[in-house]
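Worksheet: the structure to be examined is printed underneath.
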Amino acid sequence: MTAMEKDSQNIYKPYLMRIAAITDEAPGVRTFRLEFTDAREAEAFQFKTGQFGLYSAFGEGECTFCIASSPTRKGYIECTFRETGRVTSALGDKDVGDIVGFRGPYGNVFPLEKWKGKNLIFVAGGIALPPLRSVIWNCLDLRDWFKDITVVYGARTVNDLVYKHELEEWGKRTDMKLVTTVDPGGERPGWTGKVGFVPHIVEQIAPAAANTVAIVCGPPIMIKLTLPVLAKLSFGKTEIYTTLENRMKCGLGKCGRCNTGRSYVCKDGPVYTLAELEKLPAEY
Amino acid sequence: MSDKYIISESGVGSLIDAIGKSGRRVLGPKEVAERIEIAEIKNAAQLATKGQSIVSAKGTVFPKVERLMKYKYEGKNIVLDDVDPNAAPTVLFGVRPCEARAFHALDVVFNWDYKDKFFNARLANTTVVAIGCTEADASCFCTSVGSRPDDPQGSDILLSRLKSGGYLAEVNTDKGKALVALAKDVFQPLPGVADLVPAATVAPAFDAKVLEQKLAGKFDNPVWLEQSLRCLGCGACAFVCPTCVCFSIEDEADARRGERLRTWDSCGLRLFTLHASGHNPRDKQSQRWRQRVYHKFAYYPDRFKTLGCVGCGKCSRACPVDMNLKQHLAQAAEG
Amino acid sequence: MAEPFEPKLTAFVCNWCTYAGADLTGTSRIKYQSNVRVIRLPCTGRIDFMMVLKAFSRGSDGVIISGCHPNDCHYTSGNYHARRRWMVFRDLLDFVGVDLNRVTFSWVSAAEGAKWAELVNETTNRVRELGPYKEVQQLAAVGIE
Amino acid sequence: MEALRNKAKELLAAGAVKVVIGYGQGTGDSRRPVFVHSADKVTDLVFDKACTQNLATYLTKSEVRAMGRMAIVAVPSTLRSILQLAAEKQLREENVVALAMIDGVMKDLSTFDAIEETVATVPDAISEADQKVIDKLMAMSSSERRAFWADELGRCVKCYACRSSCPMCYCERCTMDCNRPQWIPVASHAIGNLEYHVVRAMHLAGRCVQCGTCGAACPVGIPVHLLTFFAEGTVRRQFGQKGGASAKLDYAMSTFKPDDKEQFIR
């Protein structure tokens, strides 16, 4: 495509995607596997881990989520969402074979190249595992790039854990360490994981900060309490990454919703280091 | 360098006629029931020469509701229909220089990264003929934001009133030259020095550079709560503003077909940043007011090397509770 | 030659009286014009005035709103509340220029199958005379560039 | 005006109220709402004929409420708003003192009963100019009226200044903002504007105190207040009760009388 053709494109026009599979993850939480309806579009499509898109339920509107699958898995993308608002509820009503829209990929990426040769610790809470799932699979698929990989994942209850099958698979792998936890009272008989809040668990396992990158994603309160723990373990501010999800309408740096400080989360984010995040006003 | 001509009082009418005959629509400030609106201008007498329109002329390039695409359902499939903007060739005639400058502030957002074909098609088809201000009011502050009442920036042709009647026409761009070519007789050679009616006096209220520096340290200052206490949280300021660009995208559909619309939106409205979960990054009106000020006077200059404000004062005039932006900015630039 | 105009009517009716009444019209084999699309709601109290506006903007040429007679409401007082709302709404519709000849309010009980047929026929004939309600339907396309 | 400033000073100095909501000098000759927090700032308060805006809107604003007990400079419509807010359980007697300005005389009213008594003595007819427009409209044919409103509402930009300035539009989440389903279109096209304004008027029927602040707030000069006035007028005519007449009134639209007139129902 020439530059001029590109400029005359309708940047608001989504790809049409067919729902190839639906997985119920947790109450109200679903994963869609989406395949392009147009083979040429599928061929040309590329993304990197950390990027997001806007998913359309036609007739209701668009909603922003990360791409939850790894770019190393070709031919489809996956997204995981909780039925909360107008669009996510409409998406929740869709069946396999239905058509949804997708615009993207947008935003910046997790700098995997930069992480080569380092230990990685992923810390996620609740419905915030999907953005990290993309990068976790990506790292596992490039396993020899990295040293130790640890995943700490917590949810309120056992039922609220997403990607249960994959957690099982990760738990069995010998080339990574998975720690799952549920909030006190969220356990049930037979639960073999830990019981306790994510920040406490991170403190317990106390990963060494040397040559290690921490990637944290979760509800604001979890992030707020986890960061001091990581600081205590002497993680540097440029070695802690997170991903923001501000409300967006365009994803293209125009509609103004995600603007926080000088940053447009859709363009400069969603991936930020703690050092970058601290420069922004706390409007996210 | 601009080409300079003289247009007689009656020449303005002839020019409007000639533009109309060329198939372009002429929009301009027009007095309707004691209000000034941007509306179709059929002859020179309809042009409001004093005061400003309430709503800016930005609707010409960024309409308040515009179609981004259509779709229809065919069984389980969806057929998308990419729409082209209905960008009628337009001459904005007789707007104020501040409005003419405002298009740049829209342009930087619509084109800094992805290119917005809707905006661009409309902008490419719009020619701006501004008339320099010889009067200003208490809300005007163009001189505080790097401009002046007779600023030619952004105007394809700038008209300045002559003491002897008629106008001095400064033709600044090729689009302007195309209008000259439509009515060559109207544009008379300039006989020596033009004797202009003096431009309006707008006393500078603050220095935008100083303001930008002060804002850097004022984010948590109580001034934003104090200033916004009377703010009602409506969107009047943003919707009349010539540079406010924030928008929403909304689907409207029935069982058979639908369309995706872009509508004006405002950071002052509570819903703007409200998440479906109930979390709102800017939950209080003071935070939203601060965002409005910072976006225009700190983030724009930092990011786009231009201010998100042209000092037209429309927001202050439209505000139901008299939030006077000039005063508020002057206050923020102090101390 | 163009097809003669056949109006589209939307009827918002309550489940307990008018819907049952309309049912009776059918089971009694009373013939009436087929221009009406019936939308059944639990009670006239549930008939939001927005529905009437939506019906017009989505292509109805006329609207019928009907429920239980006063004192007969399945929920005791839903129709009384509805009646108050209609009084205000009807005046307001008139004030904004919606043609009241296109809106029929009525009470039709479960036993009044004949009245239902009469009501639909009457309204259909009246709206047919008036022609399509383009004035409001066309508004849907106005104001989008 | 002196009496007003003195009373404000007294209340603030004694700590009886934490804020006085009043009118102050605005841009040019205009007046704007001001919030006076201390006795030495009462000279910020002004009162004259230009003070017409109904400040009762601020009585339900969380930032203002957070300050503590409020005094409010009240024109007659403000008093009616206070009563209506009280009737809707949005305002407690102990939270507000009204500094009523009636025919240039200041009266401080600290109980709803006192406000009710005062309200009963003040005429509340809508202005002649507004009545003229309503009469003119009612003399028109239905399609002329439709054309009138199509023209007026065509200018609406959905800035919601009417809603934001209305003392009775205090809902935390307005029905316009509810999107499941999206009953009222967000876009300000013709049908979206019509539906918005009709619904707003319906929601104010029986509650509108006829202050006209919504119409005055409209940046593009749409007489939106006529719609709410008209709906309120129907309530007054049909059901014999007025929005803002009493702190103990039932909402006209959530009650009924078995003998409500129903000539229009077949």
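Read from first to last, the chains carry the letters A, B, C and D; within each, the first residue is number 1.
As a convention for this text, a contact is a pair of C-beta atoms (placed from the backbone, for glycine too) under 8 Å apart; a residue touches a chain by one contact, two chains touch by 3 or more.
Note that the coordinates shown come from a computational prediction; the quantities given were computed from them, not determined experimentally.
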Of A-B and B-C, whichever chain pair has more C-beta contact pairs: A-B
Remotest chain, chain D as reference, centres from CA atoms: A
Mean-CA-position distance for chain B and chain A (Å): 39
Inter-centroid spacing, chain C versus chain A (mean Cα positions, whole Å): 50
Distance between the centres, which are taken as Cα means, of chain C and chain B, whole angstrom: 46
Centroid distance [mean C-alpha coordinates] between chain D and chain A, Å: 47
Residues within chain D bordering two or more other chains: 182, 187-189, 192
In chain B, residues with contacts to at least two other chains: 64-65, 248, 250, 261
Contacts with 2+ other chains: residues of chain C: 143-144
Interchain contacts (touch definition) - all pairs: A-B, A-D, B-C, B-D, C-D
Contact set on chain D toward chain A in their complex: 179-180, 182
Chain D residues touching chain C - in the complex, by the definition given at the top: 137-138, 142-150, 154, 183-184, 187-195, 197-199, 201-202, 205-206, 227, 230-231, 234-235, 238-239, 252-258, 260-262, 264-266
Residues of chain B that touch chain C when the two form their complex: 63-67, 85-86, 254, 259, 261
Chain D contact footprint on chain A (complex, rising order): 85-86, 89
Parts of chain A lying in touch with chain B, wherever the complex brings them together: 6-14, 16, 56, 58-62, 84-86, 88, 97-99, 101, 220, 246-247, 249-250, 252-257, 259-262, 267, 281, 283-284
